[in-house]
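What follows is a pair of complexes built around chain A, which joins chain B in one and chain C in the other.
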Partner chain A sequence: MKPLMLILVPLIVVLCLSSLVIGPAGVGPVESLRALVAGDEGPLTLVMREIRLPRMILAVAIGASLGLAGAAMQGYLRNPLAEPGLIGVSGSAALGAVLSIQTGLSAAFALALPFSALAGAVIAVLLLLALAGPRGGSLTLILAGIAISAMAGALTSLVLNLSPNPFAANEIVFWMMGSLTDRSMLHVWLALPIMVVGWALLLPLARPLEALTLGEDAAASMGINLVRLRWQVVLGTACVVGAGTAVAGAIGFIGLIVPHVLRPLVGARPGPLLITSALGGAAMLLAADIAVRVVLPGRDLKLGVLTALVGAPFFLHLVWRTGRTPV
Partner chain B sequence: MGRIGTLLAALTAMIALAGPASAQGHAAPMEPSAVPLPVQPQRVVSMNLCTDQLAMMLAAPGQLLSVSHLAADPRGSAMAEDAKAYRINRGLAEEIWLMQPDLVIAGSFSTRATVDMLRRLGVRVVILRPAYGLDDIPDRLREMGTALGRMDAAEAAVTDFNTRLTALRDEVARRPRAALYYANGYTSGDKTLAGEIIATAGFTNIAAEAGLPSGGHLPLEVLAMAQPEAVITGRPYPGASRSEEVLDHPAVQALRNTSVGAVLTDRDWICGTPHVLRAIDDMRNTRRRMEAE
Partner chain C sequence: MSLLSVKNLSVTLRGRPVLRDVSFDVGQGELVGLIGPNGAGKSTLMRAALGLIPSQGASSLAALPRVLRARQAAWMPQSREIAWALSVEALVTLGRMPHGQRGTVADRAAVDAAIARMDLDPFRNRTATRLSGGEQARALIARALAQETPLLMADEPIAGLDPEHQIATLDTFAGLARDGHGVILSLHDLGLAARHCTRLILLVKGGILADGPPAQVLTDDLMARAFHIRAFHADTPDGPVFQPTQVIR
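And then the complex of A and B:
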């Protein structure tokens, strides 16, 4: 686990710096970073502090959140296919966010945006657990997830189509694919506190999740409070996914790929996988967000397009493997 | 279910068979540049915001029957009051057909399927392209005049437009740099109607120096680095949208603090009609205020 950290942390630092110095403005890296730190109040400082810095912070925070949420859900449900995007949690959070924007609630009270996304995410997780149950098979979980995703997606589209604003209907793709373009510090302050709460709920789950690998009865006999564990997973996931989706849309597959790639490296233990997946998620989203700027500069390629191109084949591979070896 | 399925299949087959044949039957050119019509059409329906306004300007009393619902919406139409005198259509083939028009005027971005359907039904449809610059406006007026059989009215409108346009051109000593910045970070270049409006009013458009002579997506940081003296944005529509949120981004707000403040485009900017003269006049006044400061 230690050597893994020694790779992941420097990787994130390098990606953060790259994220800060890559952009359409075309300014040298040294000059950009000096403007960010020194701050001469010129246009470059404005660009660095108001455009690139919030983008980098959000990529780190949302990536870490998605990786962590994926690892926690997979550990809790003991199901390798559990992922907030695939099973409709992100989609429902997006619905909550869209509702608060379109009803004018978020304009009246800024925190309404992340809170309604959070409410959407909580409802989705609770529905999932009710439908699939903590020991539900992969099939039940995925089917319930597809149903929730479809419903949330349809309602999001409906709300945006009903809007009197002609641009709203075109934003369906943002809410379903996600993007970090042109976010500001305001979005960071809206999302970050709630994400921190979510991290605080999910990261201490290392021991309970390890115990759970032995089965629920064994875990209970080891003094694990299963009711509390369940609520911690539900609320923690909803906090991190809800807050992230509220400002960046639903970004899929990160919570699926990252824990899977890292699982063999931590000896398949769900405990250490939590923090490792958080770091891996941050690195992956940073890399994806750099890629969308390098591949199609100035075209606002959606993040979800890229993560799905990598993630969907991966998911197919998992489905194929899960189908062959009964879990 | 089975019967409905059969019916649908039969219908689809009929449409597939009838489609190409009748399309060929109406393949005659419908462009207004063809021979002027001997008779004035008497039941004209327009289904595009810009053709609506041209038609309302040029039609003889009673000649124009219906305009699109957008023409009656003051957010996008410079002639929303005038549009109240006409029936409103939503651009659907069915409702237009029921009005029994003898001429339908559509824009080249009108729904293809609707236009084809009307033509299959034997309705004469004239399609006008949008105006991509000030030079296109006299052409559009004449095309509309030809379609309506109102060439004299069109010529009078063209003369009036050209006279007023010439009067609006100033000798400009210094051309302030301006940026057109719309929802989703789009900008208009010099070769667009909005670009020509601000150029005529005496501004330099930063789109060209940003490498976007015909407009396109202007990254927010490129806008911030360019430091234009005026940021001209679209007026936000009611109901929130994330696309318009970028217009309130702190980086854009900072530019507004250093220049003339928020300058908004409105309905006079949308269509290539003589109403763009009002937009030019407004922008010219803005520039004069900037120079006076």
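And then the complex of A and C:
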């Protein structure tokens, strides 16, 4: 695991610096970084501190969150196809955001959109609590998550369907593609504390998830509290995914692919996979967010579109490889 | 010394009584075979005794806090699940979890001893999920041994294994009992139960019908009442032979 850290951490540092110096302003990297650190009242400092810095921080935080939550979900459900969106929180957060755009609330008040998205995420968690109960098994949890996702998806479609305002409909569609463009430090301060709570819930799950390799019964007999584990996974995932969706929209595939790719490199152990996937997720989202700026600079390529465009074929390749050599 | 004491244990699942007023004690050096027809409550009895499912009555294990319980008894469920492609060594190391699993000298010694006892040294770095069924079963027993508990409990540990692995597995458990462990196994093979167990508990419809040495439990009358079968039995120089022969209509 240590050599892997020695690769991932410097990679993230390099990507962070690249993320800070790449942009349409067309200023040299040294000058950009000097403006960020030294700072004056000039426009370059403003660009660095109010546009690029929050964008970089959010890419790291949301990428790490998605990787971590993906590893936790896969470990908890003992299924490499599980992903953070499975519990329906991202779908419900998106619905909350869509409603705020449709009603015009987001235009009236800058933070209305992330707040509505968070409200959507909270409602999803309350529904999960009610549907999956404190004692139900992981199957009940998945089924409840699928039902909530389907409901949120249907309601989102209904809003689009009945939208009398084509501009709002357009904005909704673009928002749902996911992006980190034009996010401010306000978004960082809104999302980061909630994500940190999520990390604090998910990172200590290394040992219980390791024990779960042998099944729920064996894990319980080794002293693992399954009920607590279950709620820690659900609430931790809800925090990071809800906050991430609230500020960046729906960004798929990172939570699915990153743990999948890194698993063989940690000897398939679900415990070390948590922190490794968090680092891998941060690196992947940083890279994707740099790519959207470099590939089509003038066209506002959406982050979620890119992660899916890269992620889906990559996933197909993994499935094809898995089919040939049994895991 | 008693390692497990169960008193008047009852379990009701979805309003249906599955276990009724079961009491028994298991001590050091005993290899107890839990036998009975399908649905008699063998798995339920072990899981309730371990405190994995809610029950009425008393079990000395279920009464313990989680971690202490995990240091007292190791449990091998029937599913033999290995969800991820761990190495055999990583799998066996999971057994150290109730002891902190901090890679201490004691942890490493326990893992090495468990791997050696189950003849897994050549497989140490192999991927557990790619081993044969018999080898996986051995790795999972090694995992339980690494837990270093006085009591070992396994649900149908020889189901699905070939004769060589069935006999070898029961020999291992018999050896552990001789070394002072208490062992409780649920078994369907009455012939192997007769040869290896020091004591049999016959469970029928959630209650104990008989409890004693194999010769006292595997009688014509009890086999007819519990399983509706007739059996051939004989004492040979190689030990007792018990072979069910026909169903009594």
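Here, the second predicted complex is superposed on the first by the 239 of 327 C-alpha atoms of A that agree within 3 Å, B and C clash if a C-alpha of one lies under 4 Å from a C-alpha of the other, contacts with A are read in each partner's own complex, and residues count from 1 in each chain.
Note that in this section a contact is a pair of C-beta atoms (placed from the backbone, for glycine too) under 8 Å apart; a residue touches a chain by one contact, two chains touch by 3 or more.
Given the structure is predicted, the values throughout are model-derived calculations rather than measurements.
Which of chain B and chain C touches more residues of chain A: that partner is B.
Of the two partner chains placed around the shared chain by superposition, neither chain B nor chain C is touched by A:P10.
Legend: residue contacts after superposition of the two complexes on their common chain; A:P204 is shown touching neither chain B nor chain C. Of the two partner chains placed by superposition, A:P29 touches none, neither chain B nor chain C. When the two complexes are overlaid on their common chain A, residue A:G267 makes contact with chain C while staying clear of chain B. By the touch criterion defined above, A:N225 reaches chain C but does not reach chain B.
Of the two partner chains, neither chain B nor chain C is touched by A:P313. Of the two partner chains, chain C is the only one that A:L214 touches; chain B does not reach it. Looking at the shared chain after the overlay, A:R78 reaches chain C, while chain B stays out of its contact range.
No residue of chain A contacts both chain B in one complex and chain C in the other.
Contacts from chain B toward chain A in the complex involve residues 183-185, 216-222, 224-225, 227, 237-246, 249-251, 254.
Residue ranges on chain C touching chain A, taken from their complex, read 47, 50, 52, 66-67, 69-70, 73-77, 79, 81-87, 90-91, 94-95, 97-98, 101, 127, 129-130, 140, 143, 147. Interface residues of chain A, counted against chain C in their complex, comprise 78, 207, 210-215, 217-218, 220-225, 263-264, 267-270, 326-327. Residues 23-25, 27, 43-44, 46-47, 50-52, 101-102, 104, 106-107, 163-168, 170-171, 174, 181-182, 184-186, 297-300 of chain A are the ones touching chain B in the complex.
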